[in-house]
Each structure stands twice: as C-alpha cells, then as structure tokens.
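In what comes next, chain A is part of two complexes: it sits with chain B in the first one and with chain C in the second one.
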Partner chain A sequence: MESRRNPRAVVDPKVRQVGFFTSSQPDSTHQPDPIASESHPVASSISPSGNSLSPVMIPPPRHNSSDTFPLRAAAAAASAVSPSSFSYSTRRDFPDGSMTASPGRVSRASFSKPSSSLPGVGMDSMAAAKSSSVPASGLTTVSVVNMPPGLSEKESDQKKNSKPLKEKTTKAERRALQEAQRAAKAAAKAEGGKAPLVTSGSVASTNVKAAKPVKPSSQKNDVAVAAPGPSEKKGGQTEKDRKKDAPHPRMQYDDESRVVKAKRRAVVKQTEAKNRVELFRHLPQYEHGTQLPDLETKFFQLDPMHPAVYKVGLQYLSGDISGGNARCIAMLQAFQEVVKDYSTPSEKTLNRDMTAKISSYVSFLIECRPLSVSMGNAIRFVKNRIAKLPITLSESEAKAALQSDIERFINEKIIMADTVIVKHAVTKIRDGDVLLTYGSPTAVEMVLLHAHELKKKFRVLVVDSRPKLEGQLLLRRLIKRGISCTYTHINAVSYIMHEVTKVFLGASSVLSNGTVYSRVGTACVAMVASAFRVPVLVCCEAYKFHERVQLDSICSNELGDPNAISKVHGREDINYLDGLTNNANLQFLNLMYDATPSDYISMIITDYGMVPPTSVPVIVREYQKEHSLV
Partner chain B sequence: MWRRSASFILDDERRRTSNSPPMADNTTRAPFQNPDAISAYYQTRAAHHGVITSDWLAQAQAAVGGGVSGEENSDSSVSELGKDKSFNVIEEFNGWRKQPDLAEAVAAIRALAAVIRASEASTMMELEIELKKASDTLKSWDKTSISLTAGCDLFIRYVTRTSALEYEDFNSAKSRLLERAEKFGEISCKARKIIAMLSQDFIFDGCTILVHGLSRVVLEILKTAAQNNKLFRVLCTEGRPDGTGVLLSNELSKLDIPVKLLLDSAVAYSMDEVDMVFVGADGVVESGGIINMMGTYQIALVAHSMNKPVYVAAESYKFARLYPLDQKDMAPALRPIEFGVKIPAKVEVEMSARDYTPPQYLTLLFTDLGVLSPSVVSDELIQLYL
Partner chain C sequence: MPDVQSMVLEFVNKLRKRKIEGSQATARCTVELLRSVISHHRVPHANQASALIDAVKAVGAQLVAANPVELAVGNVVRRAAVAGLDLLDASDDDEDVNGKGIGYPAMSAAVVAAAARSTLRPPSLQTLLEGTPESATAPYTSSSGADSESKTADKSSITRKLKHDVIEGVNQLIHEIAGCHEQIAEQAVEHIHQNEVILTLGSSRTVLEFLCAAKEKKRSFRVFVAEGAPRYQGHLLAKELVARGLQTTVITDSAVFAMISRVNMVIIGAHAVMANGGVIGPVGVNMAALAAKKHAVPFVVLAGSHKLCPLYPHNPEVLLNELRSPSELLDFGEFSDCLDFGTGSGSPLLQVVNPTFDYVPPSLVSLFITDTGGHNPSYMYRLIADYYSADDLVM
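Up next, the complex of A and B:
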C-alpha cells in the first residue's frame, strides 16, 4: 500500500508483521538443518537459467579463512579485468539480480560469504556427496578468469594477484598449464574453430586440475558446459575479443569426469554463438542444429548415461517436449527408470551414490536445455527424498520407496493439483464470457475443456506469437471439442482486448514478489489487459512457486535459437534476414521467458485455492514446511 | 461498452425468462427458508438498525430473555422443523440472537459451540459430521449473509484444526474441541472491544471522520474515542435506502459528538475536509477487499483519488474464501428501494444492496487479530485452510 498522508503519525499502532517475519527464521532459505539445506542450494545451483543462485544458500568451499584472501584479491582483480566477468561475480553475489557494482562491494560480499557460512560448511563436508558447489565454482571462476588474462600481455598484475592461488599448484602443473595455453594461443591463431575447443578442453582440464587443490573435495558442480568458455577466452586475442567471449559463467567445475564428458560433447555441440546481444551475455547461447544427429549416433556409446535420461534430453533438445509440466513429468519418469535399474556399487552408500548419479543426469539435461523452475523444484524434491531415506532400508526397499515417492509427487503435485485448479477456475467462468489465452498453457486448456463440459457458454480468443506458434496446438484441441475460438497474433492484442471479459494465463513459475515468470509475450498480454481493466487470472500449480525474486526479464532467462527468428517458416518471399545471423552489425535475440509484475495480475489460481499475488511467499513458506515434515 | 459486460447478458436473459427472477430461487430453498424475495440478511439489518438505538437497548437490557425480537416471519416455520431434533441448533441460534448487541455470526458460533457441548457422539467423525450438519443448517438460514457463512466455516476449521484430534481418548479430544470453540466464541464476542482499542491510535484530536453505513463496530470505535475524550467530528452519509445516516447521527449526538449529515452524492464535495474514512464490512474477501453496503466502493474510490486513508473495521470471523473479480461476481443480495413516488413498470431498478471494494483502495483493516494490511487476509486464510 502506498503511504497515506497521516499528519499525526501514530506512535505505535499494533501492526502485525506477516509474510517473512512470522516464520521463526527470517531467511527462510537459511535452515538450521544442513542436510535439508544442501538439497536446497543444490537444486538452485543446477538450474542456472531458471533460478538465480543465492550465495547465501550455497555453502562455500571448505577452506580456512586464508583462502578467502586470495578470493578477495582475485575478485578485486577480476573486477578490474573485464566487465563481463565482473558482472558475473556480482550476479553470483546478489541473488535478486540487481547488478549494482563496485569492486569493493564485490570483494566484500564474496569475502563475507565464505566466512559467514563456514560453520555450516564444516557440517556439510561431513555429509558430503551433496552437490553444492557454486561458491567453489565462484572460486574457480575467478581463478580461471584470472589465469588466462594473467598470461596475456596486458594483465601482468593479474598474474601477481592470482599468485596466491597459484601457490597451491605445483610447478609441474603450472608448466603444463603454460604450455597448454601457449599451444592454444597458437592453435587459435591458426583456426578459430574446433582446435581451440579441444586444446582448451585440455587446458580446461588442467586448469581444473590446477584449481583442484584449491578446492578441497570433489563436490559436483551440476552446471555444465565446460570448454567453449575458456577456449574462447584463450583463443581471443584482442582485448575486445576477450571481452566479447567472456567465460561462460557456469562452465567451471572440478569433477574430472564431468569435464571430460563436456569436452567430448563440446567437440560435437555447444559451440558458443559468437554474435550475441551484449545485455544477455550472462546467459548461455549455443549454435543450434548440430547437436541432435551427433547425439543420436552416440546413443549406444554413452555408458554413464541412462538411456531413459538420454532420451528425455534428446526430446528437450529437439523441442518435442516443451512446457513446464510436460518436461517435469518426463524427467521424473526418467528418474523412476533410473531408480528401477539402479544397483549400489560396492563400498558406496545408496544415498550418496544415487544423488551423485542424479546430479550427473541433471547436468546432462541442462546441456540439452536449461532447467525450468518446475524441474528445479522437482529435482530438489527427489534429492530431498533420497537424503531422507533411512540407512536401515535394504536396497530394494529404498528403491521402491523412492519410486513411490516420485509417483506420489507426480500425482499429487501435478495431476491432482491440476484438477483442483480446474475446479476453482471454472467457478469464475460465466455464460457469455469471452476468454483470452496466450500460448498453450496446459492448465488453462484443462480449465477451458472442463468449462465446456459443464455446458457453460463462452468463447475463446487464442493469442499466438512467433517463433514457437504454440497457440496453434491449443487452437486445434479446442476446436476439436467444439469450442468456438478466435485466433490472432500478439500484434493485435490491443485491438481485440476491448471485447475480452477475462484473461487466463499459464505460468512457468510464480516468484516470491508475485512476479509471474512465463512464456515471452505473457507480460505484454497481461499489461494490455490491465490497461483495459480486464481481470487477469494465472493458473499455476503450487510446486512451481519459487522463493527467489526477480524484478526484470533480463537477469535470468533462456535464450533460444536465433535462427528461428531470422527464418520464417514456409514464407520464402519474406526471408530477408536469412543468412544474416553472423553479421556483426545485427544480433538476434530470441528470449524464451519474461517476467510479469504482480500489479497486472488479478488472481493466481493454485491447488491451494485462489490467492492474490501477494500471498505467494506465504504458500512458499507453507510448502517448505510441509516438505520438511514429510 | 456495457455490451461486453457479462452481467448485461445475464440481465438480458433474466428479463427474457421471467418477470420474477428472485422468486425462482425461493422454490428450491428448504422449507424453513425465508419465503420473501428480500434477503433475510438485509431484513434483519433493517430491523436491527431500528433495534440498536440506545433507547431500545435500554429497554432490551431490562427485558432480556423476554423474547422481544425483530426477527422475521421465518421463525414459526423454523421451529416446526426443529421439533424432531433433540437439540435444535436453530433454536439455540435464535436464543443467542435475541441479545440485541450480538452479531449474527457470533450467535451462530455460540450455537455451534453449544452443539459440541450437547453432542452425544462417541467418535470424532460423528462429532464432525454433526457439526457440519448444524453449520449447514445455520448457513442455509440466510444464504446471502457472508459473515454467517464465513463465521461457520472458520469456526469449523479452527476447532478441528488441532492435533488433539489424534488423541486416542475421545473425551479429552472433545473437551479440547470445546475449549477451542469457547475461545473462538469469546474472541468473537470481544472482537468489537479489541478493534475499538486498536483503532484509538488512529483518531487524533481535531480530525474529521467520514462514516458510511451503520456498523456496530464503527459505532463502538467512535464511542470509545469519545470516552477517551478525543475531540473529533463525524460526517455521516445518508445511507439510502437503509437510512443509516439518520440512525447513526442519533446515536452520535447522544454521545455529544458533532455530526453532520451528507447526501450520498455529496461525498466528493466534502472529501476535502475529511481526514479519514471509516467503514465496517459485511465480509472480507480473500483478495483483501471488502463487501459492504452499497456506496462503499464509491466512497473508497473518491477517498483514494484524494489520498485520504480508508480504514475498515471488521472482525476476523468475517474473512471469507470468496474472490470476486468484479462487482457482479458475487451472490446477489437484493433489497427493494422506496422512491416515494410511483415508478413506471418498464423502468428497472438496481436493487443490489452491496458492492465490492477492491483492496487497492483500502488502507488498513482493523481486526481483532491486529491492524492488518489487506494482503494479510489471504495469509490468514491460507494458514487456516491449508
């Protein structure tokens, strides 16, 4: 509520604090229970584009404080080096996405981060085998960022600053590092394509190996895609190039097998797109189209990968499965297969090994397509359940328990939640309504079909947009059932909004400040509706809620294939932009998601009932309580 | 423009089908229902408005239990139905309602607590079923009263939301339930006093308060302020068709509070000299908005555009699980309007007795749970209904 004019301000009205203050801990993300907390940061760390990573949630590496000094120095150095790497570290430190910048703040924040959560870390190290690693990667990021520029002609001071880090590496490793980088430089001069990738892959691995003693244990970093970043970094000669090809934020990790796997894959796919919009450099973007055939041929060769997960990954990559619920269900069913076929290797406990396996599969899925928030929450749930398995259970019992847990999650949180949402939503549909929907949200489709079954008289307006044109699928399904529909593109939304009585939208996630994170174009529709005073109803299951806060659509998003924009399918006559993807003066931006502020939303329909957007943090809080009890 | 509003189509249909739409519902109602077209709630309100003047109160105190009541003609039919039950919740309800100062929902809550006390069930399930049946009976007595429905629902949720239900011993569980029921009843009874106390800080010397409708809670607030020797003056809207303005001004002048009566249409004209607006609520909905007497939305809009705070005084049992999207999204409650002159037959009259004020026009809610902002209502409801 905006502040009202109140001349004699009251002395002490008994104002009740609600929302975040009523729970026993002010930061609901800080939990006293380290076990539970680990799955928390884990899931968030593995869904980079979906969830921003809050460093406060992530236990820092198990260093003593002496190591924080190099971090600080390195961070200061890093901040001096290039804006992009700098912005990366700020992004790490400020989870709400606000990229305020001052080097001092960065270093201070990064300094305080490890020290503040050190005690927690001690416990974490005991528990181990939980993937939590991003501050480790934070460290590695900084170190990797520093080392290549350290070798260039300009940044000799970086070398000095990164010396404390380098002290940890042995002489042999450093020599190997230098040779590799020299080789990479030479190779990159020769050819800007695959060679740097390969060599830089090896460089990356040596880098990582060098960095390994810096970070103590093999904590798995679930975020994938290694080589292209450092490769580009090494290959880039001029300052400008180096700035342009800033290291990919999520590429560093310490796990050997991961690096190798990424390298192997890096040769095949994930060549970083060179021509990218400056503002979105913090998001991954790759050349599309090359991966699928290669991955298909490799289907029988990938030992560590379970075929079900591989299949799901391929389906994501090709776009066969899209939409929050569908992706989540497909992934969970693949995990069920994994659990079914799982057998504990000797000398390993089921909890830890299973978690490690799941993490590796998740990183593969991320390589195919960045995680959606729904998937992130589901993965968090699965890891939570694995962690909570009693040690005393036999393997088959544990497997059965896990499978039934996953089944229950799918049933309760997705399928039954949808029926509850439909039940609430149809009460809002009256005879004579004109309902507008955008894209193809599964929840809204179910609502419309059910309302039609209840013999309500309404008509539907489907708004669609390029390049995905998802609305056409929804349109077909509605028409098949006999609902009268109108179809238009998003350009016409202000033209037709005057005849609309209600707007139903779907969501990929709803964030804690009530912001709806959904398919790109949703914000546009919601704002126009709000300008016309048409109520906007968002249908979203509660498991998709997330406790992070996002103020804009930039800090966290997903970039799609730019070629999809340049090419207009089926219309050869207007393909003017075809082939211009690599033009230096033209950058294509294909965003997948956008954030709709809560002011434009009238109500959110969830399986907890119809709530105003301000109640989302309450539900997130209750949800977590429910999970910690379960 | 109004062609696009769904309500236009609804009205159209209604006009086309028959001439007596309100009559249609009545035939489907239970026998002990109010046969009249007028919402029972508003009938009782009208009666109560006449009833709670202080003169009458004085008489009532003297003659409490004497059976003086402003109830409507449904009583006789009600008692017929109740004969077969050994314990009749409706009788209990009516008994409580005879106390003129008691709100309906509170009377219902007390009646439901009595149901638990008098219940002969031997298992928890049976008790819950009994409670549910009693509450349904009470709710059906007047379907348009939001506070009644909300009060009953909240009572049942509150009472059964205890881990005591998992005790093996039924009697201890039942006594725990009874304890909670009594507590809920106590809170609801004392709600007005608590609210009055909380709102004292907001009334400062020399302020001008605009009041709309005749809410007993708001009256309590103003009474308490006067007792605390605060100097303020009150502007009351006329409140057609209920005539609440005249009644309120009577009351306030007895307390020596300077009162000025306004036409309903003179609110914007006088809004400049107003410091704050106080209204009651028939029901508080999940979005944080309120459903109140017709005219509240208008006043809230004017106040909002002139940056005057709008304070709502509502007890917590009025929190309902409704979520209206617009004015027509609620169960209709109609009330005939006397114009004094004859209206030609072809002319329609908007007979709705209440409107919905969205939460963005409200500043604060004074409830017995504390001083809340509108978004907290959903918080409370979620916690209770989760």
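Up next, the complex of A and C:
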C-alpha cells in the first residue's frame, strides 16, 4: 500500500498525462500497459463508469519498478517540457488510478480537446502551450500552472516553468527512484494481500484517503529541503492514517454534549431558535439578527481575534459577503493579513502556533456562518502550507512564502479557474440559444458576459426564488450589459422550460458521487430541465470539489433565517403569517442548499475541462494530489 | 329581467377582473347565478323553450368569455344541464312519453335525447358554451320550438313543473359543490397514517379539510407547505392549518426537491382535472410532481366533481394558463428603465413571466380523490363521462 501511495503524492501531472495517453493508445512503448490497454477498452465498453472493473486493471506492482526507465524515455520523448523524474516512480502507482477512472478521463479529454483548440484559448499561455504539446490539454492546463512550486507568475512560459523544476528535481529524482525500488519490494511482498482489492468503490476511496497522509513528505520533497526520513516513517502507519483520513464527520448539533462543549468555546453568542424544525436538529438553528450587535460590542474584548478575520466574520454574519468564491477570497485575504501581522511568540514554533491560530479563527468564522466546502478546502490548503514550511526558513521568509502561497491560491484556483471555465463554457453557447440560469452564480455570469462580448446572440432566462432573490441582482447586471433577459420565479420553471436550449447552473460544491451541492432550488431546475430533455451544464471551479458524498439535502445543509420566509419583502398585502411566528405548531424552514443528483447533470465545466459528473471523483483525487504540489 | 341582467353583469365583471378566484367559489357562484337566471326567466306562452334557450345562451357565453381559463364555469354549466336533463328525462318518462317517443321514432337515440333536452333549455346552453355556431343550434331550437309549442300550449302545467325540476336539479348541484369537501375529507383517514409527512402547495380548501379530517381522527402528522410564490397562498394555508392545530412547516418553493425525500405523500388541490387525467394546478405543481415521481412519493390530487372537465387538453401549459402582473415579481421602480410599457421605446430587454397555473401530465399523478372515491388517472375519462352527456365530450 505505502508503495503505491508514497510516490503518488509527488506525481507530475504532465507526465501522468502522457502516461495516461500511452496507456490508452496501444502503440505506447512501456511494458505493463499493454495489459492495461487491452483490458481498458473492454472495461469502458462494459461499464460506462469504468470503475467496476478497475481492480482487474491494477498492474502488478512488480512490473512497475522494472518499467520505470522505458517509461521515462517514452514520457520524456512525448513531453520535452519537464522531465521531472518523480513522475516515473509514480507511474507505477498511477496505472491503477488511471485505469480506475479511465473512461471518465478519456471522455474528459475528448471534451476538452475542442475547447482548447478554440481560437480564444490564448488567455493563459500555459494552457495554450500545453495543448500544443500534449493532446489532453483540458486536464493539464491548470495543473501545469500550479505545479512548479517556486513559480507564482502565471505568465511565465514553459521554459521558465521547466527550468526550476529540473534543477530541483535532480536531488529528488534520486530519492524518488530509491523510494520506488524500496516500495516495489514492499509491494511485491504485500501483493498477495493486495490483489483481491474488490470493488471499485473501495479502490477509489482508499486511493482518495491514501493521498492525504503522504502529503507532508511529498511536499517536502517538492521544496527539496526536507530529509527523506519522514516519508518512510509515514509508510509504516498507513492503516491508522487511512482511517483518520476519511472525511471526518461534521459536527452534529443534536449531539448535546458536543454542542455544550462548542458553546463554551464560542465567541459569537447564539440563541437557539425556539421553533426548531425537528427534521433538522442536527444542524445549527439559531435566532438570526441578534448576534451582530452583540459581536460588535465585543470588538475590544476579543483580544486574540485579528481585526481582518473579525471583519470578515461580521461580513459573513450580516450577509454582506455571500457566494462561494467571494467568501473564500475574503477569508484568504484575511488570513494573509493575519500572516502579515504575525510574529511568533517566544518558545513556540511558527508552524504549530500559526496553525492553532488559524484554527481558532476558522472556528470563529464557523460561528459566524458555517463554512462552505470551498472555504474548507482553502483552509486545508493554508494549514497544509503552514505545516510544511521548512523549519530552516526564517520567520519573515516563512511569512512571505505563506502570503505568496495564499495569493497564488486565490489567483490560480479561483480567478484563473474562472477564466478557464469561461473559455470552456463559451464554446457551448451558440447563436439563438435560450439559456436558463438560476440564482446568481458568478461563474455563469462571467460566461454570459463573455459570450455577449463575443457578439453571440442569445437570450437569458433568469429564474429566481425567495427569500434571497439573488436573481434580481444578476438580472440587473445582465441588462446593464444589454443582454435581453426574461425573469421569472422558480415555480414557473416548467412553464418556461419549453423554450430553453441550455441550462447553466453554478455550484457551491461538487461532491465525489457527482452530486452538485448548490443554492437551494438548483435541484428543482435541473430536474425540470432533464424532464424536458434540456442539457444542464454546471460551472464549478475544481477547488470546490470535495471527496464527501451526499445523497440528499437533509443530512448536511445550512439553515437560513426563518423569519425571511414569513416576511415577504415589498409585498405589504401578504401578511398572513404575522403574529404566528411564535406559534409552536408553525415552523419556517429556510434551507440554503440542496443536492442535485448527478443524473440530472449533463456536464460539469471546471478548470480541468468539461467532464461528466462521473468523473468528479477522479478530479477530486487529482486535485488532492496537486493540492500538495501547489 | 333587469335584476338578473345586472347580476349577470356583475358576476361577469368579477370574473373578468379575477375578483372571484378558485374553482370552488367560481363554481358555486356560477350555479347560483344560473339558478336565478332560470327561476327569473319569465317564459312567454309561445315559443317558451327557445326564449329560455336564448336567455341562458347569453349568460353562458358571457361567463365563459369572462374567464376562459376558469374551466369550472363551463363544467358547472354543463353539469347543470345534465342534472336538469336527468330530472326531465324522468318526468318525460312519467308523463310525456307520447310526445317525445312518438315524435321522432326514426331518429337515433342521440338525436332524440338532444331533441328532448332542447325542450328544456340547458342542452342548447352547452352547445353554445362549446362555441358551436348559431347555425348548429338552430335546427334544435326550431325543431324543439315547434315541438314544444304544440306541447306547451296545452300542457303549461307540465312545463312549469319541468322548470321547477330543473331548478331542483341545480339546487342539488349547488349542494354537491358545497358538500364535496366533506365527502373528500371523509376518505382522509384511509390515506393518511400516523407520523406521516405530507407536502402540499397552493391554498386549497379541499386540502385543508382533508388534512383536518385526518387530524380529527387523532392521526398526528406533519405538513410541509410550499409557500407558492409569488402569490404566497401557502402562507394562507399554513395559517389555517396552524389555527386547526396541525404541525406545519413552511418551506420555500425551491426547497421542494430538497424536502421531498422525507415526504410520504404529496397532496394538492387541483384547479381542474382534464379528461386525460392531467391536472391543472397552482404554479409549481409540476415541479413537485416531478420530484415526487423521482422519489416514488405518491402524488395525490384532490378534486371535487365540479373540477372534472370533459376537455382533452392541448398544450395546456400555454392555452389553459394565465399570466399575471409582473409587479408580483419585480419592483417596477427598480426596473422601470428596461421594461416595455407599451410606449414603443425600442425593444424591451426585460420580460417577466408570471404564470398562474401549471399542468401535470397524468403520468405523474398517482391518485385522484374525488367525492366519489379514489381513481386512477387513466380512469378519469370514464368518470367524467358519468357527469357529462355524450355530446359534451365531442367538442
């Protein structure tokens, strides 16, 4: 197991890509893949997801170490870009991964191909350059951008890109080789036990889980500072780590002891809602509107809280900042401030102290408003970076590194990702289209505006719902740009669906079973669209993907202010429920999100290209790996 | 009849301005109006039937034109016709057999029936409601006129009794419309069980009574009410339910899909039930029906018999729908610069769609509960045939 795991974290996406391609094309040079490539088409023909057959396709690890070198040659030949040797050692673990998800990936590649060959692609030079050298551009674009750890400039071209990598990897290369050989031995030993890994799901999940514990070690390799020691040690405790690494269950608010505990720690004073909805006892249900003034008065008493974090928290609480990206960026920028103003207390190490600090800030932010998945991922990234700061760095260097890391996360994972999504999505808009969107998704708005700039002729149907009425803001902005719009409420969606040609939706998160977790009502729109045979396209940045799975919208959700439902804004004639809000028989349920089943979704447009929802777990896995590489 | 005339006008105005809403209220008002029209209609001695026909013709046309989407008006008028007819047939059998049966021996049964009916005014009313041109009704009236002339001349007492019978029949219809709630509600216990979670949307008195009937039978269950923007009739229903002591949770319309997985049954009141088993209901119903289908939740439609419409729908989403004011959705002040107010200021960038009704195809409906019991969507055409005469079905 550890043999597979260790190198994977160090995977170089580019070479992976090549390996992947060679594996899907029978004329590739390396040894074990003929087996795989033979079985691969079978797999894809039998089961569309391809997952079910994956165990069959795990090449015996024994071969891998032996084929390291030919592979490398092939890879080097295919992409002269960056002959980073990590990937060769990782090739051995990769085949099983790539096979597991290969159909999805293949389709993704085919999706992304046309898009990258578009004229408008030139936005980020990396992507364009990449697409010329390696066919599967869609996947690689961003990962390539992210890969060189030292480089934060996006505009740096390939040569620039590859150079530092080469320098850096020489040392690591040797190590990786060593490791691979060691791992191969271990794997050969363990092979008997490992072979009957049964269901595809388990493979996938173990892979996902497995990716994590290696991160620290791989990260250090990447920076080329750390000693090789820790990674070996890590290998020993795989079982434990794996258990630990399943996404740990979220706080359940019907667990009284934990709630009491959490309350003691809490900064924000929450009063429990009197009229709680029984079905949602596991979610926090607090009175809204009371916390803000209370918190404002506490400003000077809250000593340890950084003002930037405090400000963001208040903005979350008051709803001034909403939308996954905006919240995430605001939080990251606050953390940047935190890092800037940070000084290590005496007798403490930066790594530990700052992690603790960030954790306390995060719990404050959670009290203000439950985290979105995107924020959770970003926090994980920040913590990772802190944990992996080399001890040798001085404080100021470490701070600078952290700040630039966060900056890069914002730029690459959010801003760049959006531009890539826009590029992909615009290709799907044709003249005469009638596009439907729901709520006010930022990514979709950018797509629409960009398509309008390209002089495409289309009409937009903005569907909105109470109580937030975010669609009106979107409507306003679209009309200002001169896009002709139709506005309606969600109930009328089946009335207008007849004329719609495509549905564009945003997402708060995409879970690894393909479920799209998004603004409440998205599921309704997607359902009606699929009932009317209208394609549903979801625009979502890959950093919002999460390995959690969810089947319904009940188990995990966020509850908004119940009073927003009883009061109808701007309609004085609707006041039937005045004075009834405290009736024990009457509850108001203001769900914030819902889970759209993957079968309603035709396509998810991410910064990795356009993928079917079945490919989400693959991207989640890739992304986690890459997470450590950023 | 100035007073009747003014009543008719007033009702037409109300319909046109949508002051009367809900099929139940409309149906009741229509029948009551019809009754007064019939009772106040002073029949001349000569040509009695055709005069009556003309009068009701006029009223029916006005009513239907006033609100063509309110199918209950048409339904009720048809029902009144049939109800009167039955009585008349009975009375015919008793005392008028000679006149009718002998009069048209060679004609087919349908024609005989039509002719018999035309003696008493309702059937022509129907033909008129269906928009049949004057020429089509003319043969009836002329023949019946000729027929009845000879008849009524010597049998004025019989026709007077007939008129009384017609009114009696209409009264029965009124009674039925008023009482359909109870009959539907009686069946509630058979469908609602302990600890169920029921989703409903829109405000329907039938649903309210149905739920309350189950509650009275000591069943405890919870009700999720979708608020039904932009009319917020769900709020109204929730208020009533809470007043009756039911556990009620108001949800946004967008949360229907999210909640449906925990719902045991969706119960809605229909605006109209079409002959194919399709349902016209408050806007948003189709969404709920699709979600229920996806989660295999029974989708139950409550409909009083006055909501059963003998028409087969064609493109009902558009043709049997009605668009309401955009002001319910958008603040005019905010978007005044981009809305088209008909001033001809170039092409408008913004359109607002605010439909009132939604069509649910029969495939999404699990069960109809009417005052005669539960029925499958595929059976509706047969049920409807019981209520309406055959020539109503042939449009």
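FYI, the second predicted complex is superposed on the first by the 360 of 630 C-alpha atoms of A that agree within 3 Å, B and C clash if a C-alpha of one lies under 4 Å from a C-alpha of the other, contacts with A are read in each partner's own complex, and residues count from 1 in each chain.
The working rule: contacts are C-beta pairs under 8 Å (C-beta built on N, C-alpha and C of every residue); 3 or more make two chains touch, one makes a residue touch a chain.
Computed from a prediction, not measured in an experiment: that's the story for all the values here.
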- prompt: Where does A:531 make contact in the superposed view: on chain B (first), on chain C (second), on both, or on neither?
  reply: second
Chain B versus chain C as contact partner of A:622, first or second or both or neither: first
- line: Between chain B and chain C, the one with more contact residues on chain A is chain C
Message: Touch test for A:434: chain B only (first), chain C only (second), both, or neither?
response: first
- prompt: Can A:446 be said to touch chain B (first), chain C (second), both, or neither?
  reply: neither
Task: Check the residue A:608 against both partner chains and state whether it touches chain B (first), chain C (second), both, or neither.
output: first
- request: Look at A:485 in the shared chain and tell me whether it touches chain B only, chain C only, both, or neither; answer first, second, both or neither.
  value: second
Task: Could you look at A:496 and tell me whether it touches chain B, chain C, both or neither (first, second, both, neither)?
output: second
Those residues of chain A which chain B touches in one complex and chain C touches in the other: 498
- prompt: Which of the residues in chain A end up touching chain C in this complex?
  reply: 277-279, 464-467, 472, 475-476, 479, 482-496, 498, 519-521, 523-524, 527-528, 531, 552-554, 557, 565-566, 568, 570-571, 574, 576-577, 580, 583, 585-591, 593-595, 597
- line: chain B partner, complex, touching residues on chain A are 1, 4-8, 10-16, 18-19, 428, 430-434, 498-502, 535, 537, 602-603, 608-612, 614-615, 618-619, 622
- line: Within their complex, chain C touches chain A through residues 222, 224, 227-230, 232, 235-236, 238-239, 241-242, 245-259, 261-262, 283-284, 286-287, 290-291, 294, 317, 321, 328-331, 334-335, 338, 347-355, 358
- prompt: Once bound in the complex, which stretches of chain B touch chain A?
  reply: 4-6, 9-10, 13, 198, 201-202, 204, 275, 286-288, 307-309, 321, 323, 325-326, 329, 359-360, 363-364, 369-376, 378-379, 381-383, 385-386
